[in-house]
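Before anything else, here is the set of structures, which you'll find just below.
Presented sequentially are two complexes of subunit A, the first with subunit B as partner and the second with subunit C.
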Partner chain A sequence: MKKLLYVFIATLLMSFLLPSCRDNPEPDPCENGFNQEAMFSNLVNNLILPGYQELEAKVNTLANKSDAFLNNVSQTELDALREAWESAYISWQKVAQFSFGPAGNTSLRKHLNSFPTNRAIIEVNVDANIWDFTTYARFDKGFPALDYIINGLDSTDQAILNKYNIENNNYKTYLNEVVTDIQSRVQDVNAEWRFSYNQVFVTNTGTAEGTALSQIVNALSENYELIKREKLGVPSGVTNLGFVYPNRTEGYYGKISTPLLKQALQSAKDFYMGLDGPGLDDFLIEIDAEKEEELLAEVIENRFDFAINIANELEEPLSEIISENAQPVVRVYNEVAANMVPLKTDMPSVLCVAITYIDNPSDSD
Partner chain B sequence: MKFFYTVMLFGIFLGMAACVEDDDSGSTYEVPDTYSFSPLDYSGQVQRIGMLYEMKNYMASASISGTTLDADRLKAMFTNAAAADFIQSYEPTKQLRNKTFDSEQTHFESLMEAIALASQSLETATQGQAGRITTQDGIKTYLLGEGGVEYAQVIEKGLMGACFYFQSTAVYMGESKMNVDNSESDPEEGTAMEHHWDEAFGYFGVPIDFPFNTDGLFFWGDYSQKRNAILDCNRKMMDNFIRGRAAISNNDLETRDLMIVDLREEWERIIAASALHYINVAINNFEDSAIRMHALSEAVAFIYCLKFNPEKSLTIAQIDAFMTDIGGSANFLEMNLYSNTISNLLIVRDELAAAFQFSSIKDQF
Partner chain C sequence: MNNYIENKILKSWFQPIRIAPLISFRIFFGLLMAWGMIRFIQNGWIEKLYVEPKFFFKYYGFEWVPVPDETGLYILVYTILVSALFIALGFFYRLSAIIFFGSFTWLELMDATNYLNHYYLVCLFAFWLIFVPANRAFSLDAFIFKNIKRSHVPAWSIYIFIFQMVLVYTCAGIAKLNYDWLFRAMPLGIWLPEHTDIPVLGYFFQFKWTAYIFSWGGAIYDLSIGWLLLFSKMRPWAYVAVVVFHLMTWMLFNIGLFPIIMIGSTLIFFSADFHERLLGYIGYKSSTTESHFSPSKLGQQILLKGILIYMIIQVVLPFRHWLYPGNVLWTEEGYRFSWRVMLVEKSGSATFHIHDRKNNRSSEIINGQYLTRFQEKQMSIQPDFMIQFAKHLKKTYKNKVEKPEITVDAHVAINGRTSRRFIDSTINLAEQRDNFLTKKWILSYK
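Let's turn to the complex of A and B:
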């Protein structure tokens, strides 16, 4: 029995001596003086509420431009519609990551931005003049569907305009309903955040599943993982043994994948930092969390910056870069991937939060 | 607080167990968290996965009526001949056919002829008539043979079993590949034993940091991920592969052999659970012939895969009986999937679940 105890103590000691297996134990970070409410309040007031407010305004403009286009199918109105679409799509990148609360309950991300869109199904829908926007499973709605029907219906603008210039044209109805669906979903989520959920969220402290901390840590990680896979990994072939899919980039027909990517990366960093106010970085500093003898807060911030800087070197649409040589996009992928362990393992661990989202990389059955 | 420390100590003890292993001599060695061994080379497996991926995509292209498949091209893809017209280039010595279980090789070629023939049909698939059929929600279209078998599924899943799973669990984990030199280390491949283990791992189709990272899941990796919520198989499979490889590098063959037993068992559970999942899909969507035929094709293909594990839980006769219960034959070419009823599927489902100790969770898959 005594021998067993010695073995136990010896192995226990060894576990401390093996640095590659386990870092030195930190002071208990689950009990700390960090003011969670102040952080949540900052995130809500400076990122979430303004983000949804901006998106709603942009989507309302989009609806107006869509109406104007439908009343007067012309190059001028088409250009204005495209501009409004791009602007709203960029605003969406800022709030896509807030996938909890009202947006989580309504699956806002899947309804607004399931891509690549399924043009075959859209054509079937339009032909039959039947569709069902209560489900996102068809990949026939949201910003990606708009991308196809305002940018990708044909190879020239004149040919696209011709498609809308036919009497009793179902494309017109389709465009109108895709926009209306986006608009009503955004309005609902924005209203719920403004009028009720913001208080619920800010006071939902603690570390258990369902708390605001757990929600933001999970959402930040999940969204970053989606940026990595959907915006970068799939089209550039990293996830497909090098088979490239330029047409699976976001905003493919309108060729705006690069600005969408840049905005998404910057917004992820803003979310982490809480802009200039209290954010997850401050929380990590407060508890002196370290990774390989550096401050974890700085490791994460630096890796966000690396990814942003590499992405900022890109100018052409991702689809065009990939068609020529996927390597520049793969480099961004690698920089984003480099932040996954800190975001998905190190940070949740020191903040005593569990990663609970289920990673679902495949939609095949 | 006392409770917390107890938990913490226990946690350290567990953490240590995961990273240090005793070998025969009483010394310890480190087991990494990921499959990050060096040297490491399973490029042959990656190439075969690539070939099956291209074959799968080619077959899927025929879900559109009017798109016909060329049997000779499929056979060329099987043998990596020039007529395969692969997108990527593969070493001429690497192919799927000569790694597929001997007596099944010609069977797959017959299936390739069958799918090519079926692809010429312009009819809607129905009993006795090959053709395409679309799900009631309009989302998916499948190409079926006259007995309702979706040949694309039985070829793809069948090769996952008769080639990848067979090679990994029977060939590379088998005596002839495991009782080999483990002292002379090739700078690219490690020792012969290490290399064979890495090749066994390569057929699982996951990144080295799976399941943390799910970018780049192929075939079995994808199905492990799909069954993980219930089986917790991702972690088990990875831990066993990693521990086995670390054991080999430290000449701990006892642990290696334990890992082989566990891997064969866990992999088989993934397959059985996948078959049960698809039987459930067929039962739950019985009124939709397209979903039913697709799901039953998947189900019989996964059941067929069960044959190729050297320590399988069922006999070949039992596996054939399960296939016959669903298809009226154990031969994909002679099956008629249309004759099933909900009650006969429930019986098959329950018996199959019982054979793998899944009875209590058979509805959940």
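Let's turn to the complex of A and C:
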């Protein structure tokens, strides 16, 4: 038995002599005095609540304009409806990224903005006068479906008006129900945020899975990845050997993909910065997080700005740019992609939160 | 001289010792594995881990291991469950042990994504259960075939498990002796603050010094516990430490069966007296007549050589990373099968590109079209998985792209730091071969 003790001591000594990976002293990422609650309440009071409030107002207007149009199918009412649709769709871009809490539980994003919409299914729905908006899986609802039925039913406005006038009433019913579905979903989420969830969220501090910090960090990068892939990558052919799909752009029939993109990028930056109040950037500064000898907070902010600036150079709808030459859109894509590693890998790592939207289905060790 | 040593070892390893510790081990192992399989089914892991994925990562040399369809998978898992119960009951014990070992190992070999050290440990235990005479008492076999009943077994059949446990703990301890673990209290500095909601103890997790105490405590525990358990005077105290330590890890981490495996398996260090009393509660009576068996001299010599070879492999394998340049926590070369348990917090992102040089086209790959999120997470930190994925992409694209070049933009963040580039982004992964040589295209940690 004594021999075993010697073996044990020898092992112990030997192991301390092992070469270990030594870095220069570095700031400790997880220990900090950052006031999480102040950041959450800034985000809630200045971005999330006003964002949903604005969206609900815009969606209510949309519903009014839709009613007006259905009562009086005319070019004037159609134009007003389109304007309300565009305005609501832009407001949606501001809150799409808050995919946690009430919006997460109700899959608001998928119900409101699964695109490209499936026009074939919409036509089948309208023909049969049967549809099911409890599921988003058929890509036949939300803003993209509205896009098709108010902008894309035919090549001229007169032809579109004729569809609502001459044929059976199914298009009217469909339009009405798509709008009502959007409206009721937005109202539900907004009400929950206003009346109960905001307090729950603001006080949910810490770094564990499910805390507010983990939710916003995950939501920000998940949303940015969707901007990259859905708004830019797929239509411009980046993910398909350069074969382009102009008709897979967002708001394709209404030709508003460019303003939608610009708003989404700006809103992502606002979310990260917390506008002028405490945001994730301040958190990163507080803990002195560095990436390649630059402040991580600045790296991320600069990359947001690059993407926004390049996107701001775009004027035409993305579909038209892509049809001619995808390169300008690919450039925006590249700028957005450049921020993915800092947002999705660096920030969670230094803030010590797990990437929860990659779920772990098993034990770990 | 050689002969003298051999005889001495033979004598000590084949001396008859009482069977009780082995009986406890058999029953505990069988029941725990059966429960583990029920848990596996109930958590929906058959579907999540083996039905949903369209592609599976393999271990080197085991690329041929097939994944059955859903029905086949259920049959396999129920086979494991039933054979585990039969092991516990000692019913057609050896056959059951063979079936358990074969089917459990098959399940583990199907997708390397799901590698866990404790599943590997289960495979090793199951392997030895095939050879040890654990059904020679207090089993249905011994009840049916009375003539196989023995009160004593050759000592090696208990020593082998003790060896394994000491090795696991010691290697896990040595692995903790790295800069991050000891001097940055990482990754515990990340993990503990996630559990501040635990009553009483949770309060302390907000402080960094708690992570230091836990890190050093964990390292000292792992390094010493296997050895302390060997001394009868220390054993009761050491076992208290085992229970406290593993209950703590069970509370803090999502590590499934591991704590229970260790709490149960370490009982094998205890004396036969202890086990006879323990088993007494469920009706065990040690036989009054001594009986044991011993293989022939030749059999002993063969067995001894086999055991020695096994031990050498087991001792050397966890240290093979010394043969590779760089830090194993970064390169992952020599990471598996080395008892690196809960050692590092890593996350990565790996964006693959496929290039068609002839037509000057390229495409970014959306990993989610081929991999589950869990697979993607594992792949983004493990270079050998990246090769497998690249080869899979090459195959998928074979009608679209002739001679595709596949590159990856991979970044990995370790233990609360910002990420570094992980893989040389100019290298064509589809043409790399996975083997035991170092992968030169893994960039060194800067």
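Following the convention adopted for this analysis, the second predicted complex is superposed on the first by the 329 of 365 C-alpha atoms of A that agree within 3 Å, B and C clash if a C-alpha of one lies under 4 Å from a C-alpha of the other, contacts with A are read in each partner's own complex, and residues count from 1 in each chain.
Everything that follows uses one rule, which is that contacts are C-beta pairs under 8 Å (C-beta built on N, C-alpha and C of every residue); 3 or more make two chains touch, one makes a residue touch a chain.
These figures come from a predicted structure and were not determined experimentally.
Visitor: Just to be sure I read the superposition right, which of the two partners does A:D346 touch: subunit B = first, subunit C = second, or both, or neither?
Guide: After superposition on chain A, A:D346 lies in contact with subunit C alone.
Visitor: Look at A:I121 in the shared chain and tell me whether it touches subunit B only, subunit C only, both, or neither; answer first, second, both or neither.
Guide: first
Visitor: For A:A137, is the partner it touches subunit B (first), subunit C (second), both, or none of the two (neither)?
Guide: A:A137: touches subunit B, not subunit C.
Visitor: One more residue to check, A:R229. First (subunit B), second (subunit C), both or neither?
Guide: After superposition on chain A, A:R229 lies in contact with both partners, subunit B and subunit C.
Visitor: First (subunit B), second (subunit C), both or neither: which does A:A208 touch?
Guide: Once the two structures are laid over each other on A, A:A208 reaches subunit C alone.
Visitor: With both structures fitted on chain A, tell me whether subunit B or subunit C touches more of subunit A's residues.
Guide: C
Visitor: Common interface residues of subunit A with subunit B and subunit C?
Guide: 11-12, 15, 18, 20-22, 28, 229, 233, 238-242, 337, 340-341, 344-345, 358-362, 364-365
Visitor: Where on subunit A does subunit B make contact in their complex?
Guide: 11-12, 14-15, 18, 20-22, 25, 28, 121, 124, 137-138, 228-229, 233, 238-243, 337, 340-341, 344-345, 358-362, 364-365
Visitor: Which residues of subunit B touch subunit A once you look at their complex with the stated criterion?
Guide: Residues of subunit B touching subunit A: 4, 8-9, 12-13, 15-16, 19-20, 28, 30, 46, 49-50, 53-54, 87-88, 137-139, 211-218, 222, 225-226, 229, 281.
Visitor: Taking the touch rule as given, give the residues of subunit A at its contact with subunit C in the complex, in rising order.
Guide: For this pair, the touching residues of subunit A are 1, 4-5, 7-8, 11-12, 15-16, 18, 20-23, 26, 28-31, 206-209, 229, 233, 237-242, 289-292, 296, 337, 340-342, 344-346, 348-350, 352, 354-355, 357-365.
Visitor: Looking at the complex, which residues from subunit C come into contact with subunit A?
Guide: Within the complex, subunit C touches subunit A at residues 45, 48-49, 114, 116-118, 170, 173-174, 177-180, 182, 184, 189-190, 193-197, 208, 223-224, 227, 230-231, 253-258, 327, 329-330, 341-342, 345, 347-349, 351, 354, 356, 361-366, 372-374, 376-377, 400-401, 411-414, 416-419, 445.
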